[in-house]
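Remarks on the structure that follows.
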């Protein structure tokens, strides 16, 4: 790792030591929460109140403010997991393992939200809850990939091995995501010339776009908060017998 | 009564075990959902075709999911010696076995009841057939557990019984499959389904009365 | 715009509000669950420590 | 244990084949209350097989088992007998207490309460530990605790000392001695040299036929 | 070369074992046939519907049959300690693992090649699609073994990994399913299939090069 | 075995946790050619775990293993070492000969031919028997025959005497003595009292920490 400048590597070493990371997370979470709430409030206000009704879709389009950010996050989190997995496998970094595991339920949550909100949007727009469209199908499969990661981690008792297993799975899965995506897209166009009218992308108005972007950034901050909370728990679980946890217990008592 | 106490203790313990092994518990459900989603992928997004296939696809998938969950019915008991202790207990073995089957259904059959309608919706099954789908699932999933138990009991002593189990059990599942998917199919077409449901009910009652006995005999043989 | 028409969502209330509701639930669950679990863990550890000390 | 004083186990003309090979034949022995029987023999001589026949998990090729003067099937044999084999029938995911409670629900309550039994096998305080967190020796002792909480006269034990350290062996020897001296019976196998000198101990040596 | 000798020895031994366990060997095949025959039963005798479904049904069944046969890839080696010995051998683990995968394909993939056309005929697949069905099977069944090996390696240390395995592996099988059944479908409709076959070939080559490495890492983890 | 004279195994500062519990820490020892090491300790003290770390099947939480002066990964360690654990890696459906031939194909040919090795472990004549027809003792001896036909210096044996009768124990003791006296090394665990008096035997006692 000689190509990494010494101060940088020192910084990583320090922040990746569990007690240090724990304290750091504790320090950051209030700030992150404040930013998240601000962005969320602004996004919701802009999206639900300020933005005009769509001339084609009526008010149902307002689902966009949660659907699209959630759908973006579902992909983003998986890519993050794969990166963490790579780091965990190559450098044996415990913190990367912890972040990987902590991300999985959050990513699964985003995927689930994208599916449900999409479905709820699809009923008024397409007249059906579900179509076997490329994007929808690959999102469903993404949910299974997340569930696989979560189940595999739960099933292996030795958590060090479990983290390794999950890192491998996340990496193999991420290689497959583009393949799945393109195969599904191709499969769909080969078979079916859009029986259901797809969303004609209306050139989105600026008053509609800004809240969408606000919500997207808000979701990123939400992810940071949630993953830090989960990582704190995971670190504690893994190091119950270590000295820093004992010290913290005494402080709490 | 000690017998009823033992029966309930078995159900309680198996549910507790299922809860402790949560990760495994959800698996038949995942498998069911996965297999159902494979079909649209394999056949292409042709709504009419999918709709016509829906009853068959859902029922075949339910069958396979139950089949794969069967292995867990006696496997761990066999491996850790609990099965021997059950055989040696002074209570009627058939009743204890029935307790295990009930627990198995609660863990692996019941969840199917909850997601099957959702998947049916995804496949485009007409709303008027939903009720029938539900009824057939309620009647037939316990039946699958009961019939399957005989097969597992016969193969639990074998190292890799999984495949053999499917060969034994799938043929026995055929009547269930025919009546259940037939009923849903007819309901989708707006036809009456009373006869099919009655037959399923009769089969369920018969299996409840008859299946535990051969299962216990087979278990005794497997432990030998 | 009145609150009533806001909640009415141009006739799409039955789709929009459940969507927001589910989102809120899932996101909240993913935040609250680890915090709750951590409290639980602390409690368990405290009990264990007390037991170890009394031995 | 009202019928303890009269309990007898008789085995008549027992024989067993395995894969066409004779393991033993015309085996005859008796065990009475207050007595114990140690099966000896080289590897593969059929000790485990004999124990499993004795407790009805396997059928003998010929011969009879007689309990208190009656054929085993017609007597209280299965209620009076308890077997601990290599697999001890405890669930790894359940706690010590849950396991014992379940054993109690399947059997008939016996001489000791659950916490008394845990005391006796030196597992007091482990009630809420899942079994998979116990060491091998603790697991063995747990499987014997089951014998203490349910009612039974005859203990059938297959290598109860296997993979135990010295203290574990001593503890289990004392449990068996205690059971016997209160009018119980035991049939067991072991490659260890038993030191239960004060015991009314019969030995049967199975001859390896290969 | 010792490495090649070890590679061949593994294939030879696994084939010998499969031959000694003949009864088990035939099981994936039976399962395949059984699942395919469930569909006519579930859907009723509607020739047009069956014909339209044929590529999908055959490919989904082949997938499930392979999936169920996967468990035997490392299970017995794990249980009897052969896997540990393989890990301790001085040879490159990836190559040994590849040997095991090849043997697995010879035992469980190859037989499917032989009966699938028969079943396709039985479901009414047009003759002009038979060649394509064959080609897709030749290209894609090894691919299934290669991808599946990663999943088995991850779960072989678990007591009841079977169901979890499907959850891990089926999503990864989706592209294979789509291209393979898509190709057969197009062939049945008289369309060209070169693109699909090329993609399958590319995936096969990529998997041959890439899959053994994560499989060996996962095996090391499982033995730990 | 050209490098036998200089072979040394050094273990430095090894430590291992299992489920948050310290099994051992700061473990240091050396074994030289012609020496053997016996690990002792109560049930669950970590003997098996240590052996598996020694042969690289498990990762230590800290510490190094040094073979002939080099870190294990950088040396011929994995070629010079052989491990026989509880599961011995023989296939029940294959014959004795087929199993040994396969072991040979995976390893490097060693001091003995297959039939010489079978002679030495008293299995001559069993070449064509499928392993599942062997008794437990014969199986154990077969798993040691594998060590004789492949080239290796260090034997790592986990309870090689378990469930063997007295003759079986004597035979395996003599095999180990023979290996050591020809400049080999062995690390083993056992609950039995070893009678290899003429051996250069080191002992390490693992303390159970619970």
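Letters A, B, C, D, E and F name the chains as they come in the text, with residue numbers starting at 1 for each one.
Everything that follows uses one rule, which is that a residue touches a chain if its C-beta (ideal position, glycine included) is under 8 Å from a C-beta of that chain, and two chains touch if they have at least 3 such contacts.
Values in this document were obtained by computation on a predicted structure and should not be read as measured data.
The minimal number of chain-to-chain contact steps leading from chain A to chain D is 2.
Counting steps between touching chains, the shortest path from chain E to chain F takes 1.
Taking each chain's centre as the mean of its C-alpha atoms, the one that lies farthest from the centre of chain D is A.
Just to note, of A-B and A-C, the chains joined by more C-beta pairs in contact are A-C.
In this assembly, the C-alpha centroid of chain B lies 37 Å from the C-alpha centroid of chain D.
Averaging Cα coordinates per chain places chain A and chain E 32 Å apart.
Note on chain placement: the centre of chain B and the centre of chain E lie 26 Å apart, centres being C-alpha means.
Among all residues of chain D, none touch two or more other chains. Among all residues of chain B, those that touch two or more other chains are 21, 23-24, 27, 30, 34, 41, 44, 46, 76, 79. The residues of chain D lying in touch with chain F in their complex are 19, 42-44, 133, 135-137, 162-165, 167-168, 191, 208, 210.
Residue ranges on chain B touching chain E, taken from their complex, read 21, 23-24, 27-28, 30-31, 34-35, 38-39, 41-44, 46, 49, 52-53, 55-57, 59-60, 63-64, 68-69, 71-72, 75-76, 79, 159-160, 162-164, 166-167, 170-171, 174, 177-178, 181-182, 185. Here chain E touches chain F in the complex through residues 2, 5-6, 8-9, 13, 16-17, 20-21, 76, 79-82, 84-91, 96, 223-224, going by the rule given at the top. The part of chain F that touches chain E in the complex is made up of residues 55-59, 78-79, 81-83, 85-94, 98, 101-103, 105-108, 130.
Remark: chain E residues 150, 154-155, 157-158, 161, 164, 167-168, 170-172, 174-175, 178-179, 182, 185-186, 203, 210, 214, 217-218, 221-222, 224 touch chain A in the complex.
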